[in-house]
């Protein structure tokens, strides 16, 4: 019955390719984050709904996972028509059409037409910088946008967009990345028994939304670790100026992260407010869970932001502290030796003991002619030093703070 | 009639075991607070409602307090079936089933099934990091989550989760701690006469919620004391850098604390908005009191947060002040002795009084040949010192600030 | 007809007793302000509605003012039953029962029972730390809580609670202080012609609420004066570190004050939203006026808060400024004398003019042998000093900033 | 028919009297701004609606402008009864009764009675510190309060209150100032053709409200100029501490100003929400314009506030910068001369070349006996200086930053 | 039929004239930005709806683009009557009447009358400082105000106002600039196939609104680039004080920018809430897209604002850092040479070895008479230097931070 039966078990995805990992050389393009990208790539005055492919988009790869309660088949198609044929040939199954990579304008337009998407929606998909949102269209179809995040090895938060369209018996997703965080969902479909396989496509959309939200936690755990590492550096090492740069960049990233999560919460809240014809009550239990997760992610982001602000304060205090330390060294050394120098300078003066008439002037520096003069002086100098050391010790300047 | 009549008066709970108190060695795990825990332990992509036991959970202990208006019996059961038997055998009594420790997945699933809890609810229970919330389920059952806090000897706020499910004639609670702050409630049930024993189970749920809220006050009193101690250290001692670290950590803790209290207020507000079939009007009087408490706890947390911010300012000012002090010592000593050194250096010069022809050059340093030269010079030096001391005294630099 | 006719004109209240004024020795207990008190005295897990008397409460004194449009009688009763007898014996009059001091649990419980107050309400009264609020109970009775404030001689904001219950022909007030700010209201009742005497008891409740709100203004005026005094000290004197401590404490106090006023506004707003059966429209005109006052008090508190924040900035800048001053003195003295010292050190060198062969080495320090050497050098030194003074003068370092 | 026909063209208002301009001597009373005034003059516990005249109020002057579409007559009356007679004698005209100065309690009470004002309203008028607000009273009469502002020559924002009551064929205004910003409105009425003359009295109330709002812009322009002047002083001159004082005072003033404007917006918004019976739709077009103006004034105030905050940062940075400068001078001079002093001190040592036995010790300071010793040393010293100057130049310390 | 058929393809707009670009000389007038302009040019007390031409307005140029689904003609008219004739002569076409420059009061009044605009609307147009807003007037006509922004070569955000009126078959726009960002829209109309040509005039209004919103992105990209440049200067160069001035100005600009965008969002939100008779559902899809853009622009502005705040922190830290550096140089040099100076001063003392009786005093500075005295001393001095250098190296003061 199944003409082009795809081998369900075959590893469809290549292992995470090293070349897709950001390397230091590619750093600049990673630093080109959504913010700036968004600002730079806006096509001013373009006809709304005009589809343009962002530079650097990947060649599309088409995946289809078809399942019912008892079976599950997945396949990567080289050819869109083949996929479509199989899709239309099996209306009794549920399908997850997973498009990765946007770099084929014609294909995108065809998908848009075949699945009755609005050009403005497709523009949101390809623009790759849409805030999380949900739109209802058609009778009760949903268009969901999520932002997937990742804390990269470059110590920055990277983000990608996942666009989800629901249909009567399918879910259509778009993303511009071959490697994603949705594998756990795929695994659950593949596994013998799964809620996903027994519930309507909306449940799959929920599962995808949920996995993206769950993904925020490891991102934040990584941020938390990094913040702790920065804090340790400030407290233990002698942090240089670049540490502040990193802290401020981290702050910017956390704020950006919060900007991803906030609309995520609004999105789920909107879903919860939708009438039962669109999102049935039994699905809302699940989205309510999503809502809790989004709020907690926001809480965490807020918490980390406060931590980073504290780091800045700590850094500033540390800087001021080091200045204190420098000053103390200067003060101690100067305070000890400058008076001593005066005393020895005093006895380097050339006041004459002999008057012009050859008589001895007992008033002019008699000390110099005392047999015990020099030893007594040395004792006096030592006494001054000791006195000062005691004074500074009492002030706590000699102990290391 | 009562087959396994538990001895009601027997001390059911061991005294707070020293080994359950956080010790410095266990500090790291305590520092692993909910925030980070939450971020770290999220199970990305897991099927919603999947039950997993957090590492480090305690072995479950099962307590049952059964009471009606006139009697009260409590017992710790080693065996869940025994508990269930007793519970089902006494529908005329009201029961508080108190589960402490989660580390038995099978047991948890069985309780879930027996008491008709939703897997997502059970996931919230076991996850141990749910914000305070209330859900209605079944006909008019409530699922309440509270966060219990404690200011530990490690000067940190520790928090635990208390999950409460109400039923027709019972209350079911979960927590992952053997020692808790609910003993006052147990005492009130044991005592001869108590509102709890005459009111429906919802009143017990209220009493538990209220005791958690009340617990916030001693937590905050401890915080307040600690803040005062820190303030004293800044004002009296010479605080080192670590004090700032502690202040900032305290700030983080207070913010976290506020994050616990805030949803607590929302939770109670939601209960107050519920229809009378679920929460009867006569119960709302009590929850309204809870609401006042939650708001006041929020106020207090806000107040302490401001205090901590002021502490940071005080610390910074203090740091700057110490720098001032160091600078003043340096300036006073340098300003006094550097000019003196110049003067004595002046009379250490070797200008020759005798011209090459042997005649006396009266212009070259005649002072050196004056009989009163040296004493006069000493007087001049002393005058300079006195002048400067007066000057600095007037500026207020000699008095201790 | 009136058995124990109280002499209306007799001075009922003793003059403000010196022993009730906070003295420096009592300071610590005053510093034990509501915040901390609230946190410390919460009775965790207590049965809601349990009445406990705060430590340090005063022995109750019972006052009754009975009036109708034409007459007014006031009396202090030693015995509650006497008061009650008189009260019940004159249903045609309106009564203000004024309880000052809580330290008699039995009496409190009896009043509670006689006037049909809810135990939770009574708990709010005796707890003495309830936010301002309004509750409707009975048919159309009101329970109003206000916080009275005072700027004490210890330069802190002291606060007390005024609890007001309205009834069909009476107003019942509680406070834990013998001296209060309500005397103006009593005076208005005593005076021949007063709105209070012609209007329902709610009007008296309004008048009491209003007088508390009005009391906020002198409190704030005192704060304003104190802020100005602090500002003057920063600008004119040489403020020490304690000034910052005072500023920060004042900030805390103002924030606390705002926390009193804010719920006051909410309270009045809630009264304005009540149906006409409870608060008739003609009374709302008066409460609307209260509302304006509450908003203006909030505005003022906000304004003072900003002022205090500015004070902190001013203090910090001043501290930095003093450091500048210290540094300038150091720099001027060092910059002038260090070069001079070098020059005189130069001519203190012992380079030999006589070669070993006795001939004169004209290269080695010939200046020392010049007849005009010393005077010329002094001129040069003076020139250096003058040059530097001019330089520093130009930089503006010599003028006092 | 018109007994005391006022000459419409006569200059009714004296030219702005110099004596009403704030002079430095009067400064203190101007500094006594609304905030403090408000706090100080509140009459605690006074019967609501009690009329009291603020100290320093002006003697009332009564102006009447009577107009219909074609005519306009204005007159200053010495006698209130005359005014009233004329007013009642001309019901076919529209009237603007303009009371300037409050200092006649009896008169105020009479006006209150004649025009059916509520005592609480009159209290708001005379208190002179009411926030902008609108009340509806009578059938559809309005009571509008506006705050007029002015940036005085003392560089402060002065404010006065304008109270407006509308009536069927008149507008009644109160203010405690002889000179105001309403002359443009008067001019428009006098001019042959004006909307005001053809529209109901509400339009005149609108025109007055609008002119007060418009007045905010020059106030803010003056603030903007002053801010720029302060910025210039910080950037160019060497600002002293008083500049910070002025900046902070300006900040306080701007915040206060915003506090005036904010309720102004609320007031207009409330008018826009009123039913058409009170404010007809055709009038709302005009108030909508007012609303835009109020929002823009708020925007501006917000903008200036940010500017002032930036000024504080700039000042602080400047202060820190001057410290840097002082330190650099000290460091350059010390670093150059301290090593030099060491070198010359070195050759001032008295190590003996002659051994006790008269032989020459060639190890002890042979340099002193070299024929080229002194010149070579001078060259070395010069080299040290040059080296250091180059070093400091490279660090950029010699150039003026 | 078409008398003065305009040549559609002719370049209607001159190339951006160099004289319209802001040059440094014109800077002051550019710096005279909307804020201050708004404050300065308000005409206090003017009759509402009074039309006045701002100084510096351009001479009006009149453009007409007339199109239907298949054709498009554009023309610049020297004469308003000609334009009107053509416009009225072609009711079957849709028209975009584009007025650039306001400096002809009579013309403006005539347009106002011909197109039935309200004087208050026209005042908003000519005032050129209206916040973005939307008004409905007539039956279902819209008046839309947008603010166009541009980041100028003077590193400031310049803004202009675009006022749009819709009509049954036309759109009327006003702006006071010859060069604008709407050319892309014109191009789309000119092109053969365009949505604009097939949809009602409201779609053109939408397209213009959208292009203004899109224009915000390049503005912000330019800001982002400039911020990065400033950050680089702080981190790499030795930034001078003016950098802070620029940062603070940029901050002000970004805040101002946000003030433009915020009402833009409100405007679109208001359009989305309008009933379908005014804005049909099919148009709302497009405005919903606008709404997303406005929110994202706000997000970006918020993000940049945070960046600028971080820049200030970075600058301050950098300043403090440079002070540290200066202090370290001073401390190192002083700490090394001051002790050395003391030592050499010691041996410059003149204690006499010979007693008066000619005998040798072996206690007085015997070192000076040691044959190895000088070399040993040099070694000691070197040892002191080395010791200190090691100490400073260990403290990390010698390495460049």
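The first chain written gets the first letter, and so on, giving A, B, C, D and E; residue counts start at 1 in each chain.
Note that contacts are C-beta pairs under 8 Å (C-beta built on N, C-alpha and C of every residue); 3 or more make two chains touch, one makes a residue touch a chain.
Note that the coordinates shown come from a computational prediction; the quantities given were computed from them, not determined experimentally.
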Problem set entry | Degree value of the rotation bringing chain C onto chain D, based on Cα positions, nearest 5 | 70
For this session: Could you check if the interface between copies chain B and chain C is built from the same residues on both sides, meaning over half shared, or from different ones?
Result: different
For this session: Just give me the whole-number Å value for how far the CA centre of chain C lies from that of chain E.
Result: 44
Exercise. Using the average of all C-alpha atoms in each chain as its centre, how far is it in Å between chain D and chain E?
Worked result: 27
Exercise. So which bits of chain B are touching at least two other chains?
Worked result: 316, 320, 323, 327, 330, 334, 338, 341, 345, 348-350, 365
For this session: Chain touch graph shape: choose line, ring, star, complete or other and state it.
Result: ring
Seminar exercise, completed: Within the complex, chain A is touched by chain B residues 35-36, 38-48, 118, 120, 124, 129-131, 133, 238, 240-241, 244-245, 248, 251-252, 255-256, 259, 312, 315-316, 319-320, 322-323, 326-327, 329-330, 333-334, 337-338, 340-341, 344-345, 347-350, 360, 365, 368-369, 371-375, 377
Exercise. If you look only at chain D, which of its residues touch chain E in the complex?
Worked result: 181-185, 187-188, 194-195, 207, 210-211, 214-215, 217-218, 220-221, 224, 235, 285-286, 288-289, 292, 295-296, 299-300, 302-303, 306-307, 310, 313-314, 316-318, 320-321, 323-324, 327-328, 330-331, 334-335, 338-339, 341-342, 345-346, 348-352, 355-356, 361, 363-365, 396-397, 401
